[in-house]
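Two complexes, one shared chain (subunit A), two partners (subunit B, subunit C).
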Partner chain A sequence: MESHRPASDNRVGWLCSYTPMEIPLALGLLPTRMSGQGRISGATDPRIYHLLCPYVRSVFKAAAQLRPERVVFARCCDAMVRLHDLWKVCFGGKVHFLDLPKISSPEAVSYFANVLRGWAKELRDGAEPEEEELWDSITEMNRVRAFFRGLFSEVARRALPYSWVRERVRLWLEYPTEGTLKAIEEERQALHFDGKMGKGPGVILSSTMLDQGEIVSLIEEAGLVVVGDDECLGERHFHMDVEEGGDPFEALAHRYLQRWPCPRMKGVGRRLEELERILEERGAAGVVIVYLKFCDQSSFDIPLIQEKFRKKGVPLLLLENDYTSSALGQMRTRLEAFREILHEGF
Partner chain B sequence: MRVVGLDVGSRSVKLVVMDECGRIVDVRLADTTFDPSKQCLALIEGLKVDRIQATGYGRHLMGKILQASVVPEILAHARAVHHMFPNAKGVLDIGGQDTKCIALGDGGRVIKFEMNDRCAAGTGKFLEIMAGAFGMGIEKFGAFALEADEASNISSMCTVFAESEATSLMARGERPSRIALGLHVAVARRALSMVRRVSPAMPIAFTGGVALNPCMRKLLAEELEDQILIPSHPQLMGAIGAALLLLDKIASGERGADMCSGRGAEERGSRA
Partner chain C sequence: MRAFEGDGTVDKYKTRLPLQGWSVSLELIMRFIHRYQASVFKKEGSAWSFLFREVSRITVDAFERKAPVVWTTAYVFPMEMIWALGLIPVDFEILAGFLSAAYQTGPMLRASDRFGLPQDTCTVHRIAVGAALSDQLPRPDLIVTTTHYCDGKAKTNEIMAQRYGVEYLLVDMPLEDTEEARAYLKGQLLLVFERLSELAKIPCREELLSEAVASFNDMTRCMRRANDLRKSTPCPFLPNNGGFILNFVGTLLYGSHLAPTLYELLDSQWRKELEERKFPQEKFRILWLMASPTFQATIFEWLEDRGARVVMEELSHCYWGEMDPSRPLDSMVDRMFSNTFMGKAERRARTAVELAKSYRVDCAIHFGHLPCRQANGALKLLRDALEEEGIKLIQLEGDLADPTGWDEVRVRNHLSAHLEMLQGEISGRRAWARGTHRGFENP
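Let's turn to the complex of A and B:
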């Protein structure tokens, strides 16, 4: 990837985990994830309704100061579509939009492949990208996915703190270059973890966008050990490789629509299966759901997840995240009490 | 041996000194103010105790300052309730800033809980602000509400909107005691919806400062068909629980299972 490293003004901002980073990387652009710095602060912007997704609001707020030349949105939810509309009006620049299907049928894969082909042409100002460039980028990204899956497998074995891995994921998503990856690899090799996190009850963390490292820290400080996650930029993001061969856009579309789905995809069945799988494989004692306030798509799934785990006798804690610090004290109390419930083996 | 349970709540600090048999030997109270550490240190001044355990929102702050252990208030309330009412199957704790409902299992273990967050609606703070709007102290507000023959309908639980609603009702000539009762009904309704979600078996104990309010006690007792147990000092339950859990810790770690055969309910409460 070093050879593709672009100038800093060649960034492509992205928001949804269904955005294939392979395409801008193949074209010598730098895909950078827009995080909104994980916090809504200051006055509410009059142009964006305060009951809208806090992640969307935080990105909009942060963008007023620092934003990439190009930004790509995906049709992941209504809030994101509204952000796309606002962005064009308020900030301009080169704004792209991916019409992301909600299902993963062969027809949906073909449709999404055409969407991606169109996006690649837009990024190259109308010219078709070279297939070889795309395959190089796909191969690189498969390698990166395998690397991060390796780190998450260490989390599953309690050999690495989840917070450490999530922070490195964040760094890489913001600046996905070979240099960043190398620095993470070197840091990992030099890390002699003392194993302090190994004793507490293991939990699975389920969320959508979870930018606040402080919430992850609260979970760990409460004595819980995150041994797996179901989070947009966690294990889901690195699940499954792109199969190499054939048409690269079809291969990309197939991987992105077939992987461990997020709540915006139709149905909760597959996601529940993955949650149950990691819960059992890793011997987790409970589930912590950090629900993004005003996220209808994920909140519709929550009663189904609660019911499923209630029947299995798995304790579940639901926390609400509004991207402010107003409820961190209460969260700490809940997490500590939840730890005690798990500790007593209930 | 003497231990302290220190409950650093959002509105008040409660301190209980307990001997090794679980007997309460001293109680101290203060407002939390904006300097809780100063208040706590003033309460502790002059006390000769062996260990301290803090609970409540300020537990970590005071834990560091006093080199004290900490325990979440959910566990503290559960422990204190089980100590005083071994037959209790749940806890409804309405404090200054939050409301919690806890389902208890065998031996008083916490098996499920729910807790409000962010918003003071339905908590002691809500009633305190409303009492202020009526020009009276919170300690008189419950009795005042009980003077009403019927309750006004208050639809909003938001502190700001409910105050506006109460003002509108007053402007329409509604009797103040009816409005006060309506506000209490709204708080009780909200707490009961949490009880239904957690669905503990009955009876449940009503703890926290709001349990001192006679109107809230009456409304909840009516709705829960008298399956409600109220300690004689409900606002102290967090501190008592913190002290008991500390004694448990000392007993299990240092002196075996039971330090004192006579240890039991020092301060029993009563049914509402």
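Let's turn to the complex of A and C:
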């Protein structure tokens, strides 16, 4: 759990990228992403099923030591729903649940808007939040999204290393927005990455939860240059702004259900289109998929992604992430071999 | 504890299957069952025989494309819609079970592996994908399923829709039962019904569903009667966990005129056999939670030999109330929200306790299909709820469809130890009751 946060009770722990941070921010609460330190070590906690995804298990394990008083779970996958059930029994506290639709029809948007309205009331102990406060936080989050989209666009033209941007995203998730964005901007202006990025083949990184900076480093150390990603806390997280005007809850629900989808949403076609778009726009030579072990949502998309890119003649590397360090050596070898394949133009 | 290896016990339960070692197409299996079900099941006129005759006929009809074919998930989708419109339902999870029962999973799993589906996903879905890739399944005209129960089901259907190039409708089942959630679900069901009506080339009218709903109510009454018989001692049963299989495969008939007949047959068959005292007295009454192997696992014969009888399965529980034929869609919404497997685990745990009490079980066995995250993720809550009521939960882990990793000896040893302890507890309780215990005063 994020140890840098003050141990105050205004934190709201969140896990899924589909959680609208705008709502707790509007209510003066501090959204805190729970990462479980991105690693599983030691004995498996017998309270949680050992074949649930390692992200969920790592968060559960870390929560036994330190956790925010309030946590919000979204209906993003089976593992997350079960984590919610266990959390209530094992840790208690104020536990919220967002009934997140898997489709993005207008009816689903209206339903989700109602769910969000209910959540905001729960957070404010039954009182309706002020619209003005919500619009302020929506504007603020749109600004954050635009800022990070700017950084990712520099990644796309090889002006910034992907690992640097991902680390800054992590910092933003840990520290208050205002000071963090300013510090990141100052740091970026002081750095000149042009020329240091190498001329390695460009790749697109596709994953769900990739909390392991070391895997991103391995990709770069192997001589590959990540020029775009399809990852929960990567470009997908910052895709599309909330349209300002009308009912704020409808606007939020619309943005979250219409954005670049994660594998949990119905319609793998849209995800494939976005992947294809960035691959072509950025002239990437291949795709690296880092798939989360036991994540059913992303597992079922893998053959379809492979099929799509195989037909286009785009090389693809599949790596399995089980949140342990035991596979890192093997990953390095495979990444280096993949770099050679891309170099030789297979 | 008994040793099983080398004493001939294992051999006793070994069954030679005619299809083992042969490669047979699903279509051939279904045609064979349909044609020779009387010889296969040896009980002409029984509920079991009736079920497999009808399910194989429906599947053969789907292969022959006698009407538009709709792929669906029979245990969650309101099947009345499909039957009312004269469409043919196909559930690939049930067909995967048939392939597993006929020992045909190997080629399907290999096809799924070649396709690139990770091996840690659900075997039932991998078998279905492999079967689709191997052209083993009847082609769909439309695919419709729901989001509840598990993620893999919806995702597999997405692959199937891509594979066959057909429309895929996903009913997004909300987990919170609110007024808005009900309206949202009803709106989706109406859209699905409109689309199914178009496929059937029948004008969409809700009244069309009334007859199917009435038939569903008839089935419910018969099913409840049959389930109530299982509360008696001795408890009637179908061999090889047949109760589970019958109730699971039987979902394909829900809403059709066949479903009431199925449960009437089961009810009358059990009544007759109870009168004839065909069921021996059981020593242990067991509640079976979650899945059951679809291949020939002889563990059930072994349990029966030790007087341990499955008296109820979680998935055989009739959790819904009477439906209103004049408000079919609203009634379907009610039924879907009353599903005890839907959503949060507390509800499932509460239901397991209620079942354990009303069927007076001595213990519960949870068969955890290894890749099933939603069921196994709730185990702690289930265990706590049952143990709070003094009911032991025995955990079995395995794969419900792939027999290659099934170790009968290990499973028997595991169960044997639990049954011995259970026997000790039961004897102890009786001794307390009689005051003949040793060592302590009877309080």
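Criterion: the second predicted complex is superposed on the first by the 335 of 346 C-alpha atoms of A that agree within 3 Å, B and C clash if a C-alpha of one lies under 4 Å from a C-alpha of the other, contacts with A are read in each partner's own complex, and residues count from 1 in each chain.
We take it that a residue touches a chain if its C-beta (ideal position, glycine included) is under 8 Å from a C-beta of that chain, and two chains touch if they have at least 3 such contacts.
All figures in this text were calculated on a predicted structure; none of them were measured in a lab.
Trainee: Record, for the superposition on subunit A, whether partners subunit B and subunit C clash or fit.
Mentor: fit
Trainee: In the combined three-chain superposition, what is the angle centred on subunit A between subunit B and subunit C, taking C-alpha centres, to the nearest 10 degrees?
Mentor: Seen from the centre of subunit A, the opening angle is 80 degrees.
Trainee: Should A:C77 be classified as contacting the first partner (subunit B), the second (subunit C), both, or neither?
Mentor: Second partner only, subunit C.
Trainee: With the two complexes superposed on chain A, say which partner A:Y49 touches: subunit B (first), subunit C (second), both, or neither.
Mentor: Touch status of A:Y49: second partner only.
Trainee: Of subunit B and subunit C, which one contacts the greater number of residues in subunit A?
Mentor: C
Trainee: When the two structures are overlaid on chain A, which partner does A:I341 contact: first (subunit B), second (subunit C), both, or neither?
Mentor: Once the two structures are laid over each other on A, A:I341 reaches subunit B alone.
Trainee: For A:K102, using the defined touch cut-off, is the partner it touches subunit B, subunit C, both, or neither? Pick first, second, both or neither.
Mentor: It touches subunit C, and subunit B stays clear.
Trainee: Regarding the shared-chain residue A:Q297, is it in contact with subunit B (first), subunit C (second), both, or neither?
Mentor: Once the two structures are laid over each other on A, A:Q297 reaches subunit C alone.
Trainee: In whole Å, what is the nearest CA distance you get between subunit B and subunit C after the fit?
Mentor: Superposed on chain A, the two chains' closest C-alpha atoms are separated by 6 Å.
Trainee: In the superposed arrangement, what residues of subunit A touch both subunit B and subunit C?
Mentor: Common to the two interfaces on subunit A: residues 320.
Trainee: Going by the contact rule set out above, which residues of subunit C touch subunit A in the complex?
Mentor: 115-118, 120-122, 125, 147, 150-152, 154-156, 158-159, 162, 168, 170, 172, 174-176, 178, 180-181, 184, 187-188, 343-346, 370-371, 373-374, 376-381, 384
Trainee: Per the contact definition, I'd like the list of subunit A residues that touch subunit C in the complex.
Mentor: Counting only subunit A, the residues touching subunit C are 47-49, 51-53, 75, 77-79, 81-86, 89, 97, 99, 101-103, 107-108, 110-111, 114-115, 263-264, 266-268, 291, 293-294, 296-297, 299-304, 306-307, 318, 320.
Trainee: Going by the contact rule at the top, pick out the subunit B residues touching subunit A in the complex.
Mentor: The contact residues of subunit B facing subunit A are 57, 60, 71-75, 98, 105, 109-113, 115-118.
Trainee: Can you list the residues on subunit A that touch subunit B in the complex?
Mentor: By the definition above, subunit A touches subunit B via 320, 322, 326-327, 329-334, 336-337, 340-341, 344, 346.
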